[in-house]
Amino acid sequence: MTMFADILSTVFERKVRFSGPASDDKRSTDELALALVGAAGEISGRALGRQILDRYEAMDDDEKLAFFRHLADDMNIAPETVRACLAQYEAMPSKDSYRAFMTAAEPQRQELIRRLNMVPGATGRLVNMRADLLRLGKGDPALAALDLDFRHLFVSWFNRGFLVLRPINWESPAHILEKIIAYEAVHAIDSWDDLRRRLEPSDRRCFAFFHPAMPDEPLIFVEVALTKGVAGSVQALLSEDRDAIPEDQADTAIFYSISNCQAGLASISFGNSLIKQVAGDLSLQMPGLKTFVTLSPIPGFKDWLVSENPDTHPADDAQLKALAAHYLVAAKREDGLPLDPVARFHLGNGALVHKVHANADPSEKGQRQSGGVMVNYLYDLAKISQNHERFAASRTVATSTEIRSLSTAARKILGQEEG
Amino acid sequence: MTMFADILSTVFERKVRFSGPASDDKRSTDELALALVGAAGEISGRALGRQILDRYEAMDDDEKLAFFRHLADDMNIAPETVRACLAQYEAMPSKDSYRAFMTAAEPQRQELIRRLNMVPGATGRLVNMRADLLRLGKGDPALAALDLDFRHLFVSWFNRGFLVLRPINWESPAHILEKIIAYEAVHAIDSWDDLRRRLEPSDRRCFAFFHPAMPDEPLIFVEVALTKGVAGSVQALLSEDRDAIPEDQADTAIFYSISNCQAGLASISFGNSLIKQVAGDLSLQMPGLKTFVTLSPIPGFKDWLVSENPDTHPADDAQLKALAAHYLVAAKREDGLPLDPVARFHLGNGALVHKVHANADPSEKGQRQSGGVMVNYLYDLAKISQNHERFAASRTVATSTEIRSLSTAARKILGQEEG
Amino acid sequence: MTMFADILSTVFERKVRFSGPASDDKRSTDELALALVGAAGEISGRALGRQILDRYEAMDDDEKLAFFRHLADDMNIAPETVRACLAQYEAMPSKDSYRAFMTAAEPQRQELIRRLNMVPGATGRLVNMRADLLRLGKGDPALAALDLDFRHLFVSWFNRGFLVLRPINWESPAHILEKIIAYEAVHAIDSWDDLRRRLEPSDRRCFAFFHPAMPDEPLIFVEVALTKGVAGSVQALLSEDRDAIPEDQADTAIFYSISNCQAGLASISFGNSLIKQVAGDLSLQMPGLKTFVTLSPIPGFKDWLVSENPDTHPADDAQLKALAAHYLVAAKREDGLPLDPVARFHLGNGALVHKVHANADPSEKGQRQSGGVMVNYLYDLAKISQNHERFAASRTVATSTEIRSLSTAARKILGQEEG
Amino acid sequence: MTMFADILSTVFERKVRFSGPASDDKRSTDELALALVGAAGEISGRALGRQILDRYEAMDDDEKLAFFRHLADDMNIAPETVRACLAQYEAMPSKDSYRAFMTAAEPQRQELIRRLNMVPGATGRLVNMRADLLRLGKGDPALAALDLDFRHLFVSWFNRGFLVLRPINWESPAHILEKIIAYEAVHAIDSWDDLRRRLEPSDRRCFAFFHPAMPDEPLIFVEVALTKGVAGSVQALLSEDRDAIPEDQADTAIFYSISNCQAGLASISFGNSLIKQVAGDLSLQMPGLKTFVTLSPIPGFKDWLVSENPDTHPADDAQLKALAAHYLVAAKREDGLPLDPVARFHLGNGALVHKVHANADPSEKGQRQSGGVMVNYLYDLAKISQNHERFAASRTVATSTEIRSLSTAARKILGQEEG
């Protein structure tokens, strides 16, 4: 019954949303926003909120920008009031004085966004609104501050505890699958046939996080290949004419693609949960799986090599691999974190640098970024916590013996060995 | 697939929650709370959070109170920091200065609660935690302030847009139904047979709001009787040997009981949505339904009569009804709102005072509170918004002609008629 | 929970089916078939049955034909035994003598097919087996008799009461949708985009019958367009750049394509239920729908015109329409039923011939078969039963006034008017 | 979507069934039955069928009996026709002559039952009709023959391949659970609290078979206790104040109760699949489970002891157990099968006699039937097939060493030892 009712109500609300005509309020959208924050009751609130969202979505970019400026400037905190309320709270801490301070210290636009979210179906629309804000507000401090308010609320709404992990497969609804095609960011999906090759075979899996208030929109998804041994090339994984293996023969799960779907959820981190939860689930379901690795690009390798070691030209694949391993282990930003963004993501999750493969990515992009080298990050469920802690505390990059040897070899190539 | 996966993941997470052994951290729970707020990564965060929740639930009331005091005192805002950050933001508004202010102006305990909520299944546990806080913290200003932080977050999490309306019927899961039995607050449900009489007949309905993160816990529910004409007695509705009518013969839906289920969600208002949404849904499904009314108690009537009009003794049912109508219409608090709490709720929702019935509630409680008089509040879908606005703006109590006549009659009884 | 458990068990059984290795029985498949019919217990029965199905599916056509001959010849009734049992039953009617007669009068191959059906997932495999039989056994009387046994059982298994009507839409699972693409027999679906155009718009619907034992296989489906007024051309309905109308503006449902999916279910009639049930459902959901019509091809029109009236050449669209109407109304087979197969189907269902349209089907097939004319059969829910009865009893073809006028006009063109 | 649509359609059909008024046909029900068999079309057929079912359900027992007699006598086979058709088929085997024979050899009442089953929701109603027939027709040969026709069709409809195994738990719908309470035949369930004790604890399971056309009616269910070691007393299992063990500590699954739910499905065997499928499922889900046993009554033990060995009075529990073991192993019917009906059931399924326990069933019924002794039948998944075959082929009763020793000991008590 659970599910049935869920959908019924969802379906109902969806219909309701589209069926009624928007009322014809003469006030400007900015005025409506102020009215919504001041509205006493939920009923008028929902009608107002819906009208604001409808109007917003009909705006062009300039109008949207003007609307954002209104939020940023006219619905900001009032420092005087904050100070006064704080003083009062300090003088006489009480429920009332604390509430007054809370209200003063939070800009009205946060309350506005919360109230807009009371409109059925609003959550996804607000995510799209933030995507606009990120796109239009770049470099503007006031709009960056406004974005912090969106982000603050979204972190709360998209709390990991509210997300639902769902398998995506060839039995999934078409309207979800077409979004998987659209959102795949790492290895583009050409067609429905290509999609089927990634979902239907017995040795393929895909999982996505969803939020109950946006049931038709995946938030992030990961594609997994079940293999015997660690595959060293994405070409082999995505080949059209490969033979699938029965799932019980697989000993390795390769996370070969992970894609964020919602621009409006940028920097709301749930990706790091995804791989770990999927690895945990798969290991329960298929006890034969012993190894959980990614097959990841190394986007910054060639740039680093050219800029840091302009005179080094790898003589062969062995040298190329050694240099790539070294880059992953040793190339750091000023803050001590790895230079490579993908490395930062997986090492931050508690993975370790496991293996590198030459000729692993024949695509133009792969050649350009890393000379075709790819890397496996290993998710060792028993060591994730420890790796993560050490990385967080001391920037320590966890590596396999093989990677350490390659890095040592690279130092010789680069002429860095100690004398 | 949608549903299936949902449950699978829910079930999985539930198992995970109970299966793993809690780690044996030597730190105190207060220290863990501080560590959780400071934790860099989600992984360690979830483990810490789980441990805090597990420990909390094993505490006795004194320990819980101490824990709350820690949150209230040691994880509060630091006024000096707030002031400093505010000054810096004023001097140089930027993303960074705004973020610093936001962080300073929000007590750490809010972040703590948010992080606790990342533990799978935590939402319901935090609701229970707040129920403890409300129970244990009464009258303590610091704990009342702490409660405002809980409330602030819960308002966001239990946003109407996230709630799901589900029918409750005799095909609902038993573990949900036993909660309906337990939570019914208006007309107690004696047994499973009594429950069945309220759910199974063709002329009975029940609906509840659920939150996706607490799928096994109704938040609030309403019981509905479909009738021909407006019933004037709850006895008639709940009689064991009445005959059900086919649903297509009903012209009236009577909301005869509405119960909140979660003490920890006190003052998070979603009840006012429930009746309106149910009324809207029913009117779509059963076009024959023309009238949507409650059959409600009048809890403050007798007290008011005795204290305000000690010498007035209603001579008969007609006088009793007139006085009850007058009480609902004219008895006000200092702030101008109706004295009767149930009246405040329904009038605030946009309902109007429709009819009063003598001998409508033969229960001991009903006799004591209102001499057995009950009232129908009418939800006229076309006028809800307007009623609500006028009530919110000017405290105007919407009434039927009949009620106005009764109130006029009552003034005579009370000797208030103008001369 | 219902659903969840359903799938769980389905999924489980599906896995079980593929996971175990088939035992290596030395007996021939024919011997296994005899053994299965004689097997005392269900356990050995299921293992035997599975092995027979596995072996069968690995056979080439010659082997399949030999297997069918074995069933037809060696598992047929034994007339002597039938006669003896019948005599005994006549002499002494009793439970035992009746049972003995029943057993004797039913060929063993029926019991074989029933026992094969005890293997999880077998139903669909047996449907495929019959598809082979129909293909390979054409014109062979013994195999035609064998097919009657399959048909006899399938009629029982695919009883209308066991079928489930499901909407097919853009939220349906991809593995179902790809079958819709594959099975569409009337107006081919070119691509997933073409499919989406038929499923996603607010004014399109599709429904299919499923059998619970073959949940991944639609049995028959119908595509519906919701329109204002009766559309006169399939081109207009399937145009890529048409604008969808809101569903509440539609007054007409056009069933523009109906396709059987399973060759192995030929002559198991459930198609005639489909349109009527869908029409009934839609009229409940959308009270604005007043007219339910098909937009159907007239496959035999041109052939009839050429062979029966070789000298008649329609001068214009008006004459073409008149002749088409006349063909539908007046051209009969020897048994008195309409010559046109599509007309037989819809008139047998209780529809009436409503309207004809020239230039309605520009496809090569449409031009060749009917010179582009198409016809609307009207499903008038209030008259279906009566039309059906009269058609069944006296071959009366129900028609609209317009069609009758056209037919009269046609008689003049054909020189058939009395005089 | 699968599920959702399923229910929607089910719900819809259910409503349709009750909503329309039955037409007022003047013909007798017997005439309607003949008309239904002769009806050309499905539409009139469904209306007729529904009317017959509605009328049947309003009949008293005498009328029902008269209706059954009509089916038995007037819709029976016509021997002359059978003979004639058979002769024609022999003379000239063809599709037509075979079809004519099939039709003649099958009594019309089978076709009647099949056509009744086309009415939505009819399957369960026909099951109830057969329950009436079994109750009213006892000892009447013509009605016994009629029952064979029902049975013949039900075997086909309730084919194991069509059944769905579903877990029953405290989250199951209440309307299903109340049927579990009603149908429990072995150890009565006193109340909803008692039911909860059997469903909710972590170490309890329940499973039922359902048919998709009767989704609200369990067909047969089994209750399971997960234990450490083999429990020797049903009292221990059902005790109110026992402590549940975590499911991962269990090594044994005890099937302590199995109940058929539908009198109208008597002798349609699916019970033997149930235990085996549940055992198989549980062993996949909980690899820690090593032993699958029943805890079964020995209903015929005391009767046998008294009638066969009137002078034997067991001196103590040890003797009682030995004699019970011997009874199970050695007491046979004339056909060589075990005398004890429960033993026949489980041994026929491939189980073995594993252990006997004294003082295991303190109920009055248990004392009377078996002096409180109960038995474990062991389902050893690896040996079920072999046990079953040997039992089917040669009546060999599989036993544990312990049971064999006890049986030998019993022979001494009974003075049967050789020598």
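Lettered A, B, C and D in written order, each chain numbered from 1.
Here is the rule we use: contacts are C-beta pairs under 8 Å (C-beta built on N, C-alpha and C of every residue); 3 or more make two chains touch, one makes a residue touch a chain.
Not measured: the values here are computed from a predicted model.
The interface in C-D, A-B or A-C that matches B-D, meaning over half of the contact pairs are the same by residue number, belongs to A-C. Greatest Cα centroid separation from chain A: this falls to D. As for how the two copies chain C and chain D face one another, over half of their interface residue numbers coincide.
Remark: chain A and chain C have CA centroids separated by 48 Å (rounded to whole angstrom). One inter-chain figure worth recording: chain A and chain B are separated by 35 Å, centre to centre, where each centre is the mean of the chain's CA atoms.
Centre-to-centre separation between chain A and chain D, using Cα means, comes to 54 Å.
Residues of chain C found to touch two or more other chains are 1-4, 7, 171-173.
Here chain D touches chain B in the complex through residues 1-4, 19, 170-177, 192, 196, 199-200, 216, 248, going by the rule given at the top. Contact residues of chain A toward chain B in the complex are 1-7, 9-10, 12, 16, 40-44, 46-47, 77, 79, 82-83, 86, 89-90, 93-95, 98-99, 101-102, 105-106, 114, 117-123, 141-142, 144-145, 147-149, 152-153, 155-157, 159-162, 164-167, 169, 171-173, 212-213, 215, 269, 272-273, 276, 280-281, 284, 348-350, 384-385, 388-389, 392-393.
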